[in-house]
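Going by the order they are written in, the chains are A, B and C; count residues from 1 in each one.
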Amino acid sequence: MPLKKPHNGLQNGDGNHEKDSRHFGNGSQQQNMDLNDHEGEHNLPSVLEVNSDSPVVNGIGSSLANGSLNLHSTVKRKLDGEKDYVFDKRLRYSVRQNESNCRFRDIVVRKEDGFTHILLSSQTSDNNALTPEIMKEVRRALCNASADDSKLLLLSAVGSVFCSGLDYSYLIGRLSNDRRKESTRIAEAIRDFVKAFIQFKKPIVVAINGPALGLGASILPLCDIVWASEKAWFQTPYATIRLTPAGCSSYTFPQILGVALANEMLFCGRKLTAQEACSRGLVSQVFWPTTFSQEVMLRVKEMASCSAVVLEESKCLVRSFLKSGLEDVNEKECQMLKQLWSSSKGLDSLFSYLQDKIYEV
Amino acid sequence: MPLKKPHNGLQNGDGNHEKDSRHFGNGSQQQNMDLNDHEGEHNLPSVLEVNSDSPVVNGIGSSLANGSLNLHSTVKRKLDGEKDYVFDKRLRYSVRQNESNCRFRDIVVRKEDGFTHILLSSQTSDNNALTPEIMKEVRRALCNASADDSKLLLLSAVGSVFCSGLDYSYLIGRLSNDRRKESTRIAEAIRDFVKAFIQFKKPIVVAINGPALGLGASILPLCDIVWASEKAWFQTPYATIRLTPAGCSSYTFPQILGVALANEMLFCGRKLTAQEACSRGLVSQVFWPTTFSQEVMLRVKEMASCSAVVLEESKCLVRSFLKSGLEDVNEKECQMLKQLWSSSKGLDSLFSYLQDKIYEV
Amino acid sequence: MPLKKPHNGLQNGDGNHEKDSRHFGNGSQQQNMDLNDHEGEHNLPSVLEVNSDSPVVNGIGSSLANGSLNLHSTVKRKLDGEKDYVFDKRLRYSVRQNESNCRFRDIVVRKEDGFTHILLSSQTSDNNALTPEIMKEVRRALCNASADDSKLLLLSAVGSVFCSGLDYSYLIGRLSNDRRKESTRIAEAIRDFVKAFIQFKKPIVVAINGPALGLGASILPLCDIVWASEKAWFQTPYATIRLTPAGCSSYTFPQILGVALANEMLFCGRKLTAQEACSRGLVSQVFWPTTFSQEVMLRVKEMASCSAVVLEESKCLVRSFLKSGLEDVNEKECQMLKQLWSSSKGLDSLFSYLQDKIYEV
């Protein structure tokens, strides 16, 4: 990190910072907080329209934001087809040359001063649910952020839901098509997604604006600091929907919440409010929804003023004793899911449960 | 578990479910909650009379309830002498043939739809205190439940006390008789009892109706979900009564409660209320005493509707990283107790403390 | 511990117990609680004057208090130069002969009935900040206490601050003199100080009267019971002051507080009140400042009435699974600090931060 480059994220120029902060639902927008679609239509695209004709390239190698942004464009985004992006060391240089051209469909990546900001903003699933494709985008963004000059990563979400976990309609669709092949593919996508969090070396701050479900809640202990809005809540009803735990929650949840509460979450689908999650250690601190965005940004910027070496080495010390253990857990969990999905019995059980849910609705 | 058999526990027929639920002290019976003897005399035996003439055998191998139950019999139960029950794999088949004839003296085992319910209901000790014989009964019941078609285990207690831990009057009586032999026998009984919890593969739900002391509190982290009545409280005053920790509490308590509170419990006998135990992670959730039984039953039945494979595999994932460690801890703890009891100094210390207590009373 | 010797600490004779208890700021002195200097001048020296002409030697080998005490002497203490005290087993006997002559400059050690009381009372640093010399004194006192007939150790502080962590003015002074040599010396002093806590076999009770910062907070999980006054608070702003974690906090804090809160403390300098620290597991119990001293003494004396073997073996059971891990963590953390301090970049970062702080003031 030899020289400080001007950040090329959204805050550049033309007073878009004010609009930007509305993603967290602060200020005048509070009343829209749980109207996901509403926000999705009116606010999000107003700042996220990618103008692929004017990529911001600032020359010094690592412009990782997903292109420049046309603030006053129409609602629809031009979506680039998903590129076959290879994480091969030999290819890194050439890839880096083109990074400014990287587009993401279901996440937004913004390069800020000292940190990278990834926002879940799924266009291909509801409520920021995760599909293998979306998980791959997050992995790509994490990979980019690990190599750039940012000191830490901020992960948040657009809309009123943080992440609703695995996309079950996707899951059912694919598994009923080709059980054997798809169970492997999806389980491996989860494994690689979780692994990317375990292996990420810079501190990860997560800002939870709303509900975090399943895998969306499970990965939180793999992040380093978890700030939540009063509106957030947390649920991992794996057994209820006939699944075994994922995202290392079978290890991290008992570790953090105690075996009794962890199991109540994993087996009975116990829901934790933001305050409960905070008092039990899943969340670092809870903020008022109207000022959540500012509080998070203030703290992240202060953190980003720290020494990069100290941040990375501190994380290394905190995580070193867990890392190999977590990778094992991740492997085992995904192996278990694969077995479950590839067995007709496990699949039937899942299908009949989800079917019932659909009939209920 | 190829086919679902009708449950042959207490809920079968004749509207005994209502009476049954009184074991948790709900409804009209709330005022009797802390009058153990009262409850012991009036309610318990009314449902626990074992009619050994009509064993329920449903043919398909694993009828594990402790016989049928005559609900309107007299207070005294006919107690079968404790059988020499050998846990030898070669003998399992023949034992299974006779399982429906198994009687328990100090516990009640009821086969419910999808789960096994073990109730501590000691006739040979006060306040559900544990003796090697009672611990052996629990082990037998756990062994049976592990082999039957139940998906999970519910552990609770009859009366107003959950479990008062090791029976100290028994302990003193035996140790003053033959220190060397009895210290080994009792320590091994504890070891095997605790081991049975560590190794049990199906989820264990515990419902704590009242005080849980010593070993009765120590084993809770070896169970998976811990629901407590508002009337429950928890205490492990090992050092105070001149004992070292047991039940893996030397490992699980610091893990769950933090080293500071765990040590205050182990060294100073700090007592935790149900709410404190819940907010610190020892307990999953606290319920109001009057509805405690229903709340627990509702949740256990919902859990028992899950897939057996998912429940067992989830528990396996959560526990796999702890299991071997816990077995070591258990060995060490029991080794330490044996040393303490077989040394004249350790024994004198214990005796003089317990003597003082008796004089105080 | 074959026979009980009369304790030769401050409580001996002439009613000094009342004065003594004022170190915790109870009773009439409450209003002075946060006036460290005031207390330092008026109360402390009045009980700490060491009269080296009348060492209390009671013949039976292990008089470990720091000399007899002249209660009505002047404010200034005669400070012995720091002795080169060698912890060599071969030298132990001869050292023990002279232990009653050991003097401490920045701590006070008092031999009480059944326990040793170490009080941080730094004369050479502000707010009980730690220098290598002070840490060496604590190590010496721990070494003595491990060998004497006390059953446990009480650690507390004189004044209104428990411990403000590493002395940064000392750090800067030394590192700017000879970066390479001093970074090694100071890092090793921290390592040995922390190691002494990890390896101490008797239970350590800590009484936190006021703020505990940095290393002063980090070592708490290495102690066994942590009682705090309502006035205490806890902060480990390592990253903020451009340092990596020390005192095993990179391991123990995530373990106890959960990774989310631990990282907020280590990365963002999040401050915990006594109540927060208690509800999250860092502290065993919080007491009212006016009665803090009595509450602690009452409990410590009760603990000291337990069997020494049971106390030590219980601690051994609780700690055995952590010990080797903690020693590794300690090594790694100190290695990291040494690297940071010996690199010009790490040092510049630290200096410029601390410089800024000075300008701010």
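By our rule, a contact is a pair of C-beta atoms (placed from the backbone, for glycine too) under 8 Å apart; a residue touches a chain by one contact, two chains touch by 3 or more.
As the structure is a prediction and not an experimental result, all values here were calculated from the model.
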Worksheet item: Through what angle, to the nearest 5 degrees, does chain A rotate to match chain B on its C-alpha atoms?
Response: 120
Worksheet item: Do chain B and chain C face each other with the same patch, meaning over half of the contact numbers show up on both, or with different patches?
Response: different
Worksheet item: So how far apart, in whole Å, are chain B and chain C when each is placed at the average of its C-alpha atoms?
Response: 43
Worksheet item: Could you say which residues in chain B touch two or more other chains, in rising order?
Response: 257, 279-280
Worksheet item: Where on chain B is chain A touching in the complex?
Response: 203, 220-221, 223-226, 252, 256-257, 279-285, 299, 302-303, 306-307, 309-311, 313-315, 317-318, 320-321
Worksheet entry | Residue numbers on chain A that touch chain B, as the complex places them | 238-240, 242-245, 250-251, 254, 257-264, 266-268, 270, 279-280, 325, 329, 332-333, 336, 340, 345-346, 349
